[in-house]
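Got a structure for you, written out below as structure tokens; questions coming shortly.
Should a chain be cited, it is by its letter among A, B and C, assigned in written order, with residues numbered from 1 in that chain.
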Amino acid sequence: MSTSAVPAPAVRDARSRTRHSRARGFTGFGFVTPFLVFYVLFLLLPLVLAVVFSLFNTSLALPGLGRWEGLHNYGELFRDSYFWSSMWHTVLFTLVSTPVLVVVSFLLALGVYRRRHGQWFFRLAFFLPYILPSAVVALVWLWIFEPGYGLADGALHLVGLGAPSWLGSTSIALYSIVLVTVWWTVGFNFILFLAGLQEIPQEVYEAAEMDGASRSTQVRRITLPMLGRTVTLVTVLQIIASLKIFDQVYLMTQGGPNFSTRVALEYIYDTGFTSGRVGYASAASLVLFVVIAIIGFAWLALVRRQERGV
Amino acid sequence: MTEQLTRRRFLTVAAGGATMLAASGCGATYDVAGGFLGPASGANNHTLIYWNLLSGGDGAHMQSMEAAFRKANPKVALDATVLEWGNPYYTKLAMAIRAGSPPDVAIMHLSRLPGFVPAGLLDPYDPHLLAAHGMHPSDFTPLAFRKAQFGGRQMAIPLDTHPFVQYFNTKLCRKAGLLDSSGMLRPITSPDALLTVLRKLKAQKVTPAVCDQINDPATPWRLFYTLYSQAGGKVLADSGKRIVLDRSLSLKVLGFIEQLAKEGLMNSNNDAGGGVSLFSDGTAALYWEGEWNVDVFQAAKLPFSMQPFPTIMGRKASQADSHTFVMPKQPHADPERTEMIYSLIRSLLGQSLTWAGGGHIPAWLPVRHSAAYRKLKPESNYESVADSAVYDPSAWYSGSGSNLENYAGGAIAGVMTGAASPAAAYDEMHSALVSLSTQPDPV
Amino acid sequence: MSAAAVRSSTAGRRSRPLSQRVFPHVITGVMIALALLWLAPVLWAIDTAVKAEPDTIKIPATWAIPHLTFSAFSTDFSASDIGRWYINSAIVSLLVTVFTVITASMAGYALSRQRFRGQNLLYGAILAGIMIPPQALMVPLFREFQAIHGLNTYWALVLPQVPSPVAVFIFKKFFDGQPPELDQAARMDGASWWTCYRRIALPLSRSAVAAVSIFTFVWTWNNFLWPFLSSTNTPMMTIPVGLGTVIPGEGITNALVMASAILGALPLVVVFLFGQRQIVEGVAGTGLK
């Protein structure tokens, strides 16, 4: 082959490649632009505004930014016992509901994944609540918890037990909300675990059974380790979702009784919209955002390490 | 293939959409364009939007009054919406005004005006227009009418006064020898006298008194504030910027409340619904609450009557509030609509007798002073309270269902359930007030 | 393992102890009980909705229905604006779904197939958006729309719900998994990227589109907080907001409220029954990836 034949097409390709990549580049960014417009206007801009508002005494009732506060809002926030107790309620809610939601959904998936018939029935039963709007869930459960006439009291009455004040007792109300949340959202984790369990090949179990491993040993030695990533994913998603809880609390107890169920977002709503202190509420929501972001990044690091280990 | 994809997607959603449209179709005149262009465009000039927070027994009375208005005014479409009582209502109302599309007329508690007026969220009433529609200052309960004035302008028109009262089971009280010849309770004029009455009832093996404490901060607040005001105490000054809550007076009142709970003279583990049940099924002899439950007890055919809460701590005073009509600030003036609003208010006021059937004392004097109202028993028993009513302390964070009621009421409820001592409750109330009063004023 | 061990374990399997034979059935029984427990609240809501109001306030609570009646459902349409809320929810959910699918699939396609400067950084920035809790943005969003007098319109409801970093992630992952030869051939023939996207990529991504569509539709329909804040007018509310804010009827309204709850959930149940497979696959897929 003559040496001249090689460089010529190469040069030609290089030139057309540059033209192409320039063209590609333009179209490439252009493709992303529609999304970016929405993203900037409705995700980034509000975030920036939140930071700005947090430095002023912005009010819902009055126009403009209000008086300059600097870091004063944050200072007040750190001294605000109502804010910290709302953070505590959020943390408590997360600590209680996360293990329950992870374990219960795992057990449910465990009980269902090997079935040959009727899986659709269980999928329906456990996942249906997840697609219901929070308002529907709240209305139904408010009625279930209705003192005297509700299903909860009725069920306890059947077994001869006295009924607690589900949403009226300062010590119980938060756990009633946990109960509602478990019913409502367990389906999501259930599906994740179901898929994860069904990915484990049957042969692994059969081999273990041939070796004489009992059912529980199989679960411990095979299922759990292979589901490691799913468990981590479910747990972290659950934690983050729990930290952002608002709907059920607002609709069912509004933070009561006596603020015992007031969670962080409910406090932010109260401060920003009921008391009209937009600047202060922005500071509080940014603090919450930072907490969630830290957990999110910690998880990313964990996953990256897990994947590298695998 | 794109066509197939698009078609499939549209089919699924269209199926859902068709179901919904079919279900919702009949009679829903709907303005989809308005949804895109904004509420100011294409607004139906003959629809009057009216918000209130009247659910429950009295709500039914309001709805029949609205129906009467509709019948008499067929050209006006009255769109009445009932929203949840308390902070959610007021938050929504404020936000709707800030959003630029508020209702035309709304119910507001008198005690909530300080949270709306300074920020310019309400339009004032025109005295000439009021007179033209037959409403003069002399037609209203003076106390309520005056309290609705700010800077010389009339910001609200009172519909009623609803005080904290004492319901009593006539059968149980007669058995305990507590009624006089006219069937009313003999006067109780001191703390000891009340204790005696309650102890007598307890000896009869009935629950002497019920006053809600669980999941209901408003009622404990009403009980405390009534007694505290009878003793001459004040809570706030300078529109809520200064706290003048008196420690020793508070402890005296809280101590008395504690005694009632400790001695078992007052039930200590019921919520609002439970309180109604305890009284309506004859378990309790006395029930302390606002007067709006009269319908429930009448429906239960209970032998009962009502009277002002006994004056045991000094002067005549009962915690009360008033439902008033306010006009949220509109982005554009509309004289035609304003006419309709005044007509609606005049019509509802004229039906105050119906309203009184729900327990409230009409603020409309032509009805309040009428023979027909006086014949309304037991509602007219406490009519005089309208002139000695004590409204919640004046502040932007105060009023019916406000944070002040929530925080303070929560603390007082602790004493009623035995969970807190008077001193602890006082400290909680005081620190809550400090926190509320030092927050920058958003109005 | 020795032959003896194999023999003993197979022997064990042939004549399994009673406990091992009964065990699966016990599990089945337990699971059925749990499933019924999970369905109970919905069944109770239906039970209440078809009772006459006075029958709903019996103590102790009972499942018995003395007088079966569907009047609560029809009353709900006249006693509240639920008809309008249906239309609002439908319009908003539909628009958000369409906009989201279009913008996210375009972005995912470009990030996956095309090469341009800073695309990795851009992708990272977009993904970082997943961290932002939407609730933290409520207050500023309210002010944004307040400033342009845009509250109480469909735009206020639709636009903020469109940007979905998760949808971009799903589409990019999907396109990453597709063989590049398909559009490379078209590109060589001189087709523009837009044509490749419209004619080749999009039709092939049916499963991703279906998953994102259904997810977005359900999530938008159920979204409470932002519609709650931005729609103060009753006629502009979506179903969740209307159900959670307005008190219908008068007097005892237990059947009426349960009927409204059922009506509010019905469209989603329909979507769920038709799109069950996609939803389940979508949940599982996003999770595992």
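Note that a contact is a pair of C-beta atoms (placed from the backbone, for glycine too) under 8 Å apart; a residue touches a chain by one contact, two chains touch by 3 or more.
Keep in mind the model is a prediction, meaning the values are calculated, not measured.
S.K.: Among the chains, which has its CA centre at the largest distance from chain C's?
M.R.: Between chain C and every other chain, the largest centroid distance is to B.
S.K.: If you count the contact pairs for each chain pair, which pair has the most?
M.R.: A-C
S.K.: What whole-number Å value describes the gap between the mean CA coordinates of chain A and chain C?
M.R.: Inter-chain centre distance comes to 14 Å.
S.K.: Using the average of all C-alpha atoms in each chain as its centre, how far is it in Å between chain A and chain B?
M.R.: Here the centre of chain B sits 38 Å away from the centre of chain A.
S.K.: When you check chain C against every other chain, which residues touch at least two of them?
M.R.: Expected reply: 229, 271.
S.K.: Taking each residue of chain A in turn, which ones touch at least two of the other chains?
M.R.: 146, 148, 273
S.K.: For chain B, what residues touch not just one other chain but two or more?
M.R.: 88, 95, 98
S.K.: Can you list the residues on chain C that touch chain A in the complex?
M.R.: 1, 5-6, 9, 13, 23, 27-28, 30-31, 34-36, 38-42, 44-45, 48, 56-62, 99, 102-104, 106-107, 109-111, 114-117, 119, 122, 126, 129-133, 135-141, 143-144, 159-160, 162-163, 165, 168, 192-194, 197, 218, 221-222, 224-225, 229, 239-244, 254, 257-258, 260-262, 264-265, 268-269, 271-272, 276, 279-280, 283-285, 287-288
S.K.: Can you list the residues on chain A that touch chain C in the complex?
M.R.: 21, 24-32, 34-36, 38-39, 41-47, 49-50, 53, 58, 108, 111-112, 115, 120-129, 131-136, 138-141, 143-144, 146, 148-151, 153-155, 157-158, 183, 188, 191-192, 194-196, 199, 209-212, 215, 229-230, 233-234, 244, 246-247, 251, 265, 268-269, 272-273, 278, 281-282, 285-286, 288-289, 292-293, 296-297
S.K.: Which part of chain B faces chain A closely enough to touch in the complex?
M.R.: 86-88, 90-91, 94-95, 98, 119, 121, 214-215, 217, 269, 271, 273-274, 277, 397, 403, 406, 410, 413-414, 435, 439-440, 442-443
S.K.: Where on chain C does chain B make contact in their complex?
M.R.: 77-78, 81-84, 86-91, 94, 97, 142, 146, 149-155, 198-199, 202-204, 206, 209-210, 213, 217, 229-230, 232-236, 245-248, 250-251, 263, 266-267, 270-271, 274-275
S.K.: Mind listing the chain A positions that touch chain B in their complex?
M.R.: It comes out as residues 57, 59-62, 67, 80, 82, 146-148, 165, 167-169, 254, 256-259, 270, 273-277, 280.
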